[in-house]
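These are the structures, in structure tokens.
Here chain A shows up in two complexes: once beside chain B, once beside chain C.
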Partner chain A sequence: MTRPLLRMNPRPRLPALALAACLLAPALAAAQPSTADGAPALKARTCSVEGLMDSIRRGLHSNSEAYKTYLRTLLRESAVKLPLAELQAAFEREQDPALVEHLAAALVARTERGLEPAAMQAVAKRALDDPNPGLRAATVRALRRTGALEHTGDLYQRLVRDASPEVRMEAATNLVEDNLHVYGGHDGPAADSAVAAAATSSDPKVTAHILGQLMTGEISTGSAHKIEQLLHNDSVEVRAAASAALGGVPAAEAPSARASLVSLYYDESDPTVRKSILQSIARLGYASAVPELQRLRSVDPSLGSEIDSWIQILNKNPQDWGLILREKQKQQAR
Partner chain B sequence: MIPEPIHRPAPPRTKGRTRFVVTALGTMALLAAVALLSRGFGKDSGQPKTRQAPELARLARFAPSGTDETDRQGKTADDKASRFDDTTCWDDIENFNEKVTLENFREWAAPLWASKDPLVIEYLKQRLGELIGDDEGRAGQVLGWARSASPAEFKLLMGGLRSSKALPKMAAQLTSLGLDKSLDLGRRAGFLDELQHLPRLEPEALDKLTHLAEDASSGEAGWVTTRAIGRVMKADLTRTGTFEPYLDKLLTIGANSKDEQVRYLALEMELHAEAPLDAKALDRLEKILTTDGSDHVRQVVAHDLSLSEDKPRALDIYAKAFQQETDLCARWAFFRFAARVAGKDALPIMANMAQGDPRFQGIYQEFDRLYASGIVDFGRLWLSLPSDNPFGCLDHHDDP
Partner chain C sequence: MRKTTKTILAALVSLPVISATAAASYRIGAPFPGTVTATTYYSSGAFHGAVDLSSGKCNYWGVETGLVGSISWNVTIRTTGIVCYGSGSGNQNEVKHTFADDHVFRQWHFIKDADSYDRTCDRCQIGNEGGTGNVTGPHTHMQYDRYGTNNTSWYSGTSKGEFLSRGETVGYIQ
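Right, the complex of A and B next:
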């Protein structure tokens, strides 16, 4: 469930604690430890690209995940205040994949916060052009859960055709996670971009990875038709994922999607794909799908219990897909 | 799954694109004030129409117009960067990280957390969690410090405990500290707030926590305790299928608390867990629906009822409640949740509602038209309505 915790008239929590923190701060600042007993000589200073990169390079060997996360976050949060030229130069000469990913994330952060688009474009360029597939993959990861879809044109349609399977799958993961976590699964253009990339790729794993997890409730008619065409793909994985994706299409696309799925069910031989089709027929039709499901019962007797399970649930006239899925999972667990 | 816009304010559906996650930490001054970024991208964003342009030129098509150095408002990157707070780099923090122990943590960390540098404070919480590990004794030591720590250090210590693997072992101590009347309410609320991360609550603790949450004088402690019960219910329901004891307590709080926000929260937590409602739960919800003086609470109860599998009973409750109700937004809740519980089978009930209150005639026609067009589920119907806020109610809960 993506719905955030909501409450009426939100009120600040623990205000007394925050107030007292302010009162105590001067006294605590004076409690800085000396180095005589081995305590670190902690001193605040302004961040620099060189200093941060030295720290991160050494920090990569730390056993503390907390420290590594801190350094990565510090670089990204400092990015808007660091000189772009220095940051970009460091990014372009760096050859360690982990550091490339950190520097790329810092550049992306500049564009994300409304500074120059060129920062993210430099990252996109390296994601496409670097001769080292490991570095291309690291750069693609740095674009994850950002607004890259809005700034990089057909980047993802190109990345899903990369020569490296690792790069292709990283790009697919970005599309899935951006749609879900940046746009909440409810943005038509973002979902359409993902469908376009899925349809463009010739890697079945990539296409299946995208379509298998994409929320398609607000895709365009063109995207729905692209997915329908993928129902005839040679790959079982792709056919199963495309079948699943069609189950969530908008109301206007539902009749066409439903007809395509029913047609495929008769021609399909793979049980995984057939199960995926049954689920989407249920999702597109709810209680009105029951007669169709009953007709399909004779096509493949081995799936009779699966169809009966859907019919039993849909006959209760449920109105919410989440509740339907939960009921299905309960039935499977029995 | 509950479609987002059913009960609460939702982002605009067609006017632009709403980004749900800002990748930056919420610590920067500017970004902290902008939790959601609305972008005015058109439908063609991300969809280049031509392929002849060189790569960088194609990428640049999505950039704002202006020179390399300025945007359309003439602002340079430096101008924009000045809106953000400076970050702090700390000399010798690598040495701190390597040599800090649980024993010297408080002394060594003091200058860092006193600096109020949000990034280093977050690091300290995570590092303390690593130092605690899954050791119950170490976690108990940190809880002992927290009893008397300053408020700022208290938050750090509790953050460290929360990030440690030992937290699930600390249920009894956290509950005991949260109920300790010798401590101030703010600190008790801090202890009780950590209960939300536990996998389950024992019956005895649940009784005591419910008693505290029902008591309006508990203030924040009551609110966080109610949230904790709800979140643990969801976790336990997902993990083991257990929800009954928690739901029973939430309904008790929802019926008895004198604090409207606590009642609302108790009844809202049912929605987050989507716990099944039996006949007894329906009875209790119906009673709240017909007796609670808050229209906010009555609306959230209406939402709860839409999870019922006993559709005739739920429709009957909505129909009767609509007649008694005087608040327009509460009536709108009964109207739309009737559709959510029974789909087009609810249309006769909804027609009666519209007959009784002509303000609902127009929206009734919309529901009728959409069902007649072949829409079969509430999610698609909701997205197909011309407006998801026909009576201006969706922002109602956030009114001052």
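Right, the complex of A and C next:
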């Protein structure tokens, strides 16, 4: 397929990036040998998936990260003007992980720009089925910071059980970043999907990665209970992350979360987990958590100063968790 | 030959969509082709704290969400029907995204159509240009605020009277 983009898109308002795709090739060709009068010898090129991929192949050897980002964006922005069949065929036959990621991102961009959902589903399929874990991981990365959670069913619950640790961790990163950057941490179903994946995974690093960074302010009762169950996980990092996640649950889930955290504090022996529990108890109760913290002071004398620090801050009655956390960090730095 | 080279370079330079800054923040593109009719202050001197964009037409097809990138959008319809010159204060149709730090990016006044529903997308159609709410004519109001205070820094490169084509940069946020 070498038809020029201009022909494929005869509408007068040609998007700037599609135009750029057409213009980029001659611009690069300007680096070719000069003509007799000293002007650069421009070489006629057409715009196509292959042409763009050639540019990206060359660009991958560049030392400039900005240039690589430019090329990635160029392909993604041009994707809506490229023929789906050609793009999909290029994606399916490509075996270089970097190029697979670029092509997958272009397919995903089509769905995100309102074109066919099948484009993203083709990417999801390869993320699950490709025999090469490096290619699966690259494909998963291409789904990052998109609405994939809404279009791909139980994809992430399956990806966090992938045989490859790299794929599992890429999936976990997607869940964290999608929740934060696409949904602003304010979307219950997106957060519930992340909790479900965290609970499904048997890789403690994956579960801890998700729960340790997830905003849980909109999760359902079912998700809150799943996190409470993870408080009893064998892994210290999972217990610490689950403790942290429970600190941000909705008000309706707070009493149950608080009771679970206090119960765990008595049984827990790891100081990292105990510190995480103290922080979440403080977060769930603000000033009202002070009596509870005072009762916990006798459980582990080595954490007495930690508890005193929380009590001192909460007794000032600040009303914003960000301020409380900042004050705590200041105390730790002293 | 030189003219061709100049044309190529001019076209590449004019591509705000792929500027390096886009990687570090969210770019806001114009939701339709139009002229900027107000920014921080109205002509009267009253505070506005947002960008108004108007094509001069009512029910003009295709108001897009301005944020470049996949984002979840929440649509609130307070006025149905084709309204071009106001339906009362507080009755504007709104599409908004709330960020993790509680900043909100909003677009107001569009006319409801089949595309006016909550979804996650990248520059999606959300309605037609209109005048729902407290307005004197059809336009789109783009506002970035937190806890009731408008941020006026994000559109510093955009001036009243400037014409913006669809997708052309209005500003950057975060």
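In this section, the second predicted complex is superposed on the first by the 288 of 334 C-alpha atoms of A that agree within 3 Å, B and C clash if a C-alpha of one lies under 4 Å from a C-alpha of the other, contacts with A are read in each partner's own complex, and residues count from 1 in each chain.
Going forward, contacts are C-beta pairs under 8 Å (C-beta built on N, C-alpha and C of every residue); 3 or more make two chains touch, one makes a residue touch a chain.
Note that the coordinates shown come from a computational prediction; the quantities given were computed from them, not determined experimentally.
J.: For A:215, select first, second, both or neither according to whether it touches chain B, chain C, the two together, or no partner.
T.: second
J.: Contacts for A:319 in the overlay, against chain B (first) and chain C (second): which applies, first, second, both or neither?
T.: Only chain B; A:319 stays clear of chain C.
J.: Using the touch criterion from the header, give the chain among chain B and chain C with more contacted residues in chain A.
T.: Touching more of chain A: B.
J.: State whether A:267 touches chain B only (first), chain C only (second), both chains, or neither.
T.: After superposition on chain A, A:267 lies in contact with neither partner.
J.: If you stack the two complexes on chain A, which partner ends up touching A:234: first (chain B), second (chain C), both, or neither?
T.: A:234: touches no partner chain.
J.: Under the stated touch criterion, which partner chain does A:40 make contact with: chain B (first), chain C (second), both, or neither?
T.: both
J.: Can A:58 be said to touch chain B (first), chain C (second), both, or neither?
T.: first
J.: Quick check on the output: what are the common chain A residues between the chain B footprint and the chain C footprint?
T.: After superposing on chain A, chain A residues 13, 15-17, 19-20, 24, 39-40, 42, 66, 69-70, 73-74, 77, 109, 112-114, 145-147, 150, 181-184, 186-187, 190 contact both chain B and chain C.
J.: Give the list of chain A residues in touch with chain B in this complex.
T.: Result: residues 1-3, 5-11, 13-21, 24-25, 28-29, 31-33, 38-48, 51-52, 55, 58-59, 62, 64-67, 69-70, 73-74, 76-78, 80-81, 84, 109-110, 112-118, 121, 124-125, 128, 145-147, 149-155, 181-184, 186-190, 192-193, 196, 217-218, 250-251, 254-255, 284-288, 316-317, 319-323, 325-326 of chain A touch chain B.
J.: Which bits of chain A are touching chain C when the two form their complex?
T.: Per the stated touch rule, the residues are 13, 15-17, 19-20, 23-24, 26-27, 30, 35, 39-40, 42, 66, 69-70, 73-74, 77, 109, 112-114, 145-147, 150, 180-187, 190, 215.
J.: In their shared complex, at which residues does chain B touch chain A?
T.: These residues of chain B touch chain A: 1-2, 4, 7-8, 11, 17-25, 27-28, 30-31, 39, 41, 43-48, 51, 55-56, 58-64, 68, 77, 80-81, 84, 86-99, 104, 107-108, 110-117, 119-120, 122-123, 126-127, 129-130, 150-152, 154-155, 184, 186-187, 189-190, 193, 220, 224, 227, 261, 264-265, 268, 272, 274, 296, 307, 309, 311, 339-343, 345, 373-381, 383-384, 397-400.
J.: Okay, in this complex, where on chain C does chain A touch?
T.: Counting only chain C, the residues touching chain A are 1-2, 4-5, 8-9, 11-12, 14-18, 20, 22-23, 69-72, 97-100, 119-125, 165-167.
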